[in-house]
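Common to both upcoming complexes is subunit A, partnered first by subunit B, then by subunit C.
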Partner chain A sequence: MKLCTLRATLPVRGRVFRTYAACRRLSSKSTLETVTGTQSGIAFDNSATISQTCSTTMSNLYDVVIVGGGISGLTLAAGLKSSPYTSNLKIALVESMSLASAKNWSPENDRYSNRVSSITPASRCYLSQIGVWDYVYAERVQPYDDMRVWDGVSGARIHFDAFHLGAEDASIAFMTENLNLQHALLSRLNDLPADPPVMVLDNTKVEGITEGPTFDDLDLSSWPSLKLSNGDIIMARLLVGADGVNSPVRSFANIKSRGWDYRQEGVVAVLDMEWDDRQRIAWQRFLPSGPIALLPMPDGKASLVWSTSPKHATHLKSLNGGAFCTLVNAAFRLGMVDLQYLMTRVDEEEITQEFEWRDGRLPIEAEGQQFPIRVVEVQEGSRASFPLKMRHCDTYVAPRIALVGDAAHTTHPLAGQGLNLGQGDVASLVRVIEQATQEGSDIGHEIVLQQYWAERYPINHMMLGVIDKLQKLYCTDFPPIVGIRTIGLEVVESLDWVKKIIMKQAAGA
Partner chain B sequence: MPKSDIGQHAPLVATAIRPSTIFNCNMQNPRSIGKILRLREFNLAKSKQRPFDTSKFMVAAVHHVFRQTRAYTNSTFSADELLHFNALASTWWDTNGPSRLLHKMNPLRISFIFDTIDRYSIKSLSRESGLKMLDVGCGGGILTESLARNPRVASVTGIDMSEEVLSVAQQHKKQDPALVSGGKLQYKLCSLLDLPIAQEAGEGQIEERYDGVTLFEVLEHVPSPSAILQAATERVRPGGWIFISTVNRTAVAYLTTILMGEKVLNIVPEGTHTWSKYINERELREWFYEQKTNVPGSGEHWDIVRSEGCIYVPFVGWKFAGPRDVGNYFLAARRLQ
Partner chain C sequence: MRPRIPTILPSVRLLKRGYTYNAPSANYPGHVPTNIFQKLFLAAGSGIYSFFDPKRADLIATLGEATAVPFLMKRLRDQMLSDPTGRRILRDRPRITSASIRVDQLLSYPENTIGRTYAEWLKREGVSPDTRARVRYIDDEECAYVMQRYRECHDFYHAITGLPIIIEGEISLKMFEFANTLIPMTGIGAILAPLRLKPKQRERLRTIYFPWAIKNGATARPLINVYWEEILDCDVQEVRDELGIEKPPDLRELRKKRISRL
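Moving on, here comes the complex of A and B:
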């Protein structure tokens, strides 16, 4: 918000005034500072040809400044530092929150974080390639090779397994805590013998972005200049916004982000199952209020993402643990009328009785085949909810600016793709930067960055579009639509080759 | 030499040994191409047309083009061309402006230069890094800056005849601290003909010459291409290179670069190209061949190691594809001693 106002108050054509002011700010600072450290990378071959003021500014210049220490931002830093072509770039990463807990994270027995993501084979492959996957705690990763999705209204089903992946031992995806990934990324960054190392500035907020100053012998007016909460000013040859759905970098670049809110929240929780079901199945049932998904985790646990109305989300979070688990079981097993009725109850005993009575009618052999085995406990403090949105930027690039991950696009979690699309962005941007440094092109040049946008936009657009359509298609119990989607699903279910194509797309191939 | 580089016509090696083979295969007139180049310059001076294609349409087109280029001085750059490029100066670095296609061609130019050096360097003669480069007709410095940032380049000089365009280059250089502090890049306002040549022999003096001279999209803008080529060869050290890109003088080139590019799609500023100044690939080939025969016994000769057609693919960019004797093409010649 602050950034928007900051930008808005600056006259668009006021470059001379602005840069002069910025210049004065910098030069008054410069009398106090000494030129720090040795600089390498493409920007910082400091030599005597430049005036004193200028060379002080030079120590605040970075080839790449990444705003956001989420998974996208950290992957970008690790990707650039792992490549022989870009490892000498001078990189800074700015994150407003503390990264200490992620850095020092180690798995706690029998306790899981509620921020869990499914990692596609393509993302895992990239993380291995850049040396990050080796740092992931393998015992906290749960692959799955079977996925069962069905229509809560009509009961039509679709089933994917390793056969549709084309290999016996292939996995559809890998479930793991976001913290496991963040920890691995930070460890990799720490161990990389990169020179210069990535300057990680956590607990530091980007408070404003303006254009850089101009001197007699140096014109940084095209360089974004970032004002940080610690008082520093740093400038970027290339500024990457990995700063999430409300991206301040996107506001600075004046890039429009289009989309809508789903008027749904994703309720997440870590659950204990009745026993450790070794089948490793991902379950998803489409209810008219939104899809509910149960994803396998190690140690007989499961991760829940239940997309529902904000009212229901609040209700689900307020219930006691037992009643909540019963409602989750009900959502996978009961008919819509029964479920709706149970959602209006608050008393645990009443909910349990009503559920048991109705559940008794279901065939016992369907358990673990048609729907998941029962949930028995919810990990304390693991229930939370996130508003669900769909957003897509018209472009991901501007001169000296690129957006990656949720800053460029946000999607409904029903296909578990959000983080993975961000990984695809990062891999593509790294490739483009690698090529540009080999060529000697300016990595902030729009022509260079446009290659990244041209590569990623169509892929992301298609994925966001499909997910959005699926979401809309299943968010109704209007009979004609239910009829059509049921026929559609049954047709797809009978065509293995179509299922193979779908799996290939979902794997990020 | 890898087969894929040879293109679809007679092998380049054979070209150097038996030039008559290519002449006979698709020349209407087995005249010396060097002569044609000079003849063309003469004709241009008299502002007469010599249409390559006989169709009425082309005759009309050529008339039109010639009217535009009638006036020029006997310098290396015509007054019209100078005016045209001066007008483009302010938008040179606007990647969505009139120079967009030029920006998009830059990666192809860079890869052409360095791939050629990687593949065809003669270890005992050519340098592969620490290169000293000369960018002739550097314009706003799109290629020149990239060369200066390239770790394999030790220094690069960009020269251009337009003061306005060159000042844009100078200003733009200031936007990159690496270029300002690196000291690898310098610009000069002069014609190639006025750039001092180092003494031929003499120890130490050879260093004054360049490892590579680039003439990208230059020859089709000068009234006297052979003089420019001559001047370029004199400034290349043995084992060094001349890299050229230009356009064949064919009906297809007229249609794509002028009619479609400038007049219909407007992706290139009108007046950028003059069809009659386009140079056929075979003419260049022959010109380099003549260097050897002209000065028998001097030992100096030029090998055309690579020549490739290129096309602009919308949404993708410039790619090496298609025949080298129809539209745009790149050519690399290596100096041997």
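Moving on, here comes the complex of A and C:
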């Protein structure tokens, strides 16, 4: 607590002097003075002049330790390093997997990764602001300005057009591979003239998180101390958990995450369309078993997210490519009974014949207007599935701990918001840390962090709630419910101003 | 801002379409497009007339079409679409006529086969497969075929249950069909037609035939999904077992017994 008492009196770079002062009290030797003046952050030279305990501690003290090298974690690192107020923070990023493949990633012609995200204009804006968007391979980004969503049971439709967002050339969202973003973030971090640079520890697992040690004169007991798989122990003024749904940081902070599983799995795949549709439309149809979405990608490809029961997900993954594509087409075009029937079939020829028969009965003018053009091929090895759940933490912060992205909340992919909510968290947390450094507050203090929580919790909670209710509303074919939702959807469709509000919210404005 | 013409909700428009006089063009050969008032008028007219003259099969057919609520017809069609054989029927669109079914040939089939029973039944009752009218008033083309199929298979239902076409047999079968297919006309017929009967006949229906019809109709597999043309050489009892139908008491026998007792 001695550390805290010093805090208020020190301005922007208070933490340097504070730690230094604390260390001087510990060590009788005064050679430390040489390292403080010129260097930013707390990158101490652990020369032998410092006593043994002290050296271990000092070199392993960080202002911010980010656990998780996913998009949220990397964006946070890039965001902090891009801000003039926070660029001198000493930051470490710990990731259990190797980041080499993301770092050296370059687009492979005609092959796309199946991990794809929809980036809202607000997220893109933030990524441009912190200089990351310039590193993104633009040819691998597909904006879309038209979105058609309809009810598979009643056929009620809603049509979102980017013109509702105001600007002439506005886009509803941008589709890109997560790898493209991760690569851009890592490149940006690499090129940033930050001093000290972000310490990226990939291939390193966090083996345990405990409270920090207490020395005679230096009390680090409130600092989380991370035991890493490479044997190091690092301590953080602020530990940020960007470590996904099963966040170890969250468990350490003893923060409860509430929610439920949807008993659905999201089947993803990269698909080849019949031709390169220049219309740039995102399609989503709500089936009683879960929504199916087809999102445009460059080069006449499309990305599929089909939320369905685990049983069907397994079945869809086990089918051969041709039959799988036919089922995707059927899911967008045919009636529910036909689809259910086709789901019970395994023979490709039979599925194709049945599909062609029913598809042939559809009006030709609906093609490309009411449902997407046909899918013809699925990219080898691109089919995968993941369980869908809703989780929201009671709080995102604890003393010296903050959670961002999936660690704080997980949602159904039906609105394409998962990654964007995380980006919103990061932008907010960076703002709060910036302000704290300007005021000379301790960035790890709960009062500081609570501003972040207060700003993000209501926004995330509303979005998660709306998505959850939509999911529940559309996961039934009980006629009265279908009737109500059909009328509701049609009312929204006929009121431009309501649509405008919805789109602004979804765009993250 | 794009100017926007005030529109009606699509679901309201759909309802409204039924009330307009500029009826849409025919959806299939023989289709007579009608609006909801015309349908009600047809239903009332054919219903009243056929109540007093139950032998008018054409009026009963019209009643069936005019009261065929799209929801229930779609339900029946969906029942066919959920079954491999039902789908095949919808795809092949087989028609039962004296051209597709050679009655004289069926008479040479072994005893107790579907074909033989059906042909004998036709002969005994003095009817032919061609006595069935074309569907005209159902708007959806596929549902119209479902109704057509039901109508043409009706004689097979007689054959498999052994119910005769005297009025009591017809009413019992209608109840059985209603429990099995939910076609509204069959229900209307089964409820209203007994009003014309003598109390003794009504009691027989109430105590013997309706319980049989409701139980068997509801528990049997959907009869609309039976490809009768393909099982003409199968044993009747086997088919009955497969579909889950018990044979009802022979109506003519019961009547004879009662008459002899008098």
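Here, the second predicted complex is superposed on the first by the 456 of 509 C-alpha atoms of A that agree within 3 Å, B and C clash if a C-alpha of one lies under 4 Å from a C-alpha of the other, contacts with A are read in each partner's own complex, and residues count from 1 in each chain.
We take it that a residue touches a chain if its C-beta (ideal position, glycine included) is under 8 Å from a C-beta of that chain, and two chains touch if they have at least 3 such contacts.
It should be emphasised that the depicted structure is a prediction, and the values quoted were computed from it without experimental measurement.
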Task = Give one of first, second, both or neither to describe whether A:V498 is in contact with subunit B, with subunit C, with both, or with none.
result = neither
Ask   = Should A:Y341 be classified as contacting the first partner (subunit B), the second (subunit C), both, or neither?
value = second
Query = For A:I484, is the partner it touches subunit B (first), subunit C (second), both, or none of the two (neither)?
reply = neither
Subunit C versus subunit B, contacts on subunit A by residue = B
Message = Once chain A of both complexes is superposed, is A:L362 in touch with subunit B (first), subunit C (second), both, or neither?
response = neither
Key: Partner chain in contact with A:S222 - subunit B first, subunit C second, else both or neither   = first
Key: First, second, both or neither for A:D442, with subunit B first and subunit C second   = first
Task = Kindly classify A:A138 by the partners it touches after superposition: subunit B alone (first), subunit C alone (second), both, or neither?
result = neither
Remark   = Both partners, subunit B and subunit C, contact subunit A at residues none
Note = Residue set of subunit B touching subunit A in the complex reads 95-96, 103-104, 106-107, 110-111, 145-151, 153, 171, 174-178, 180-183, 315
Inquiry  = Considering only the defined contacts, which subunit A positions touch subunit C in the complex?
reply    = 154, 156, 163, 335, 337-338, 340-341, 354, 357, 361, 486-487, 490-491, 494, 496
Ask   = For the complex, which residues does subunit A have touching subunit B?
value = 42-47, 49-50, 58, 61, 217-223, 237, 399, 435, 439-442, 445-447, 450, 454
Message = If we count contacts the way the header does, which residues on subunit C are in touch with subunit A in the complex?
response = 2, 4, 7, 9-11, 78, 81-82, 87, 91, 142
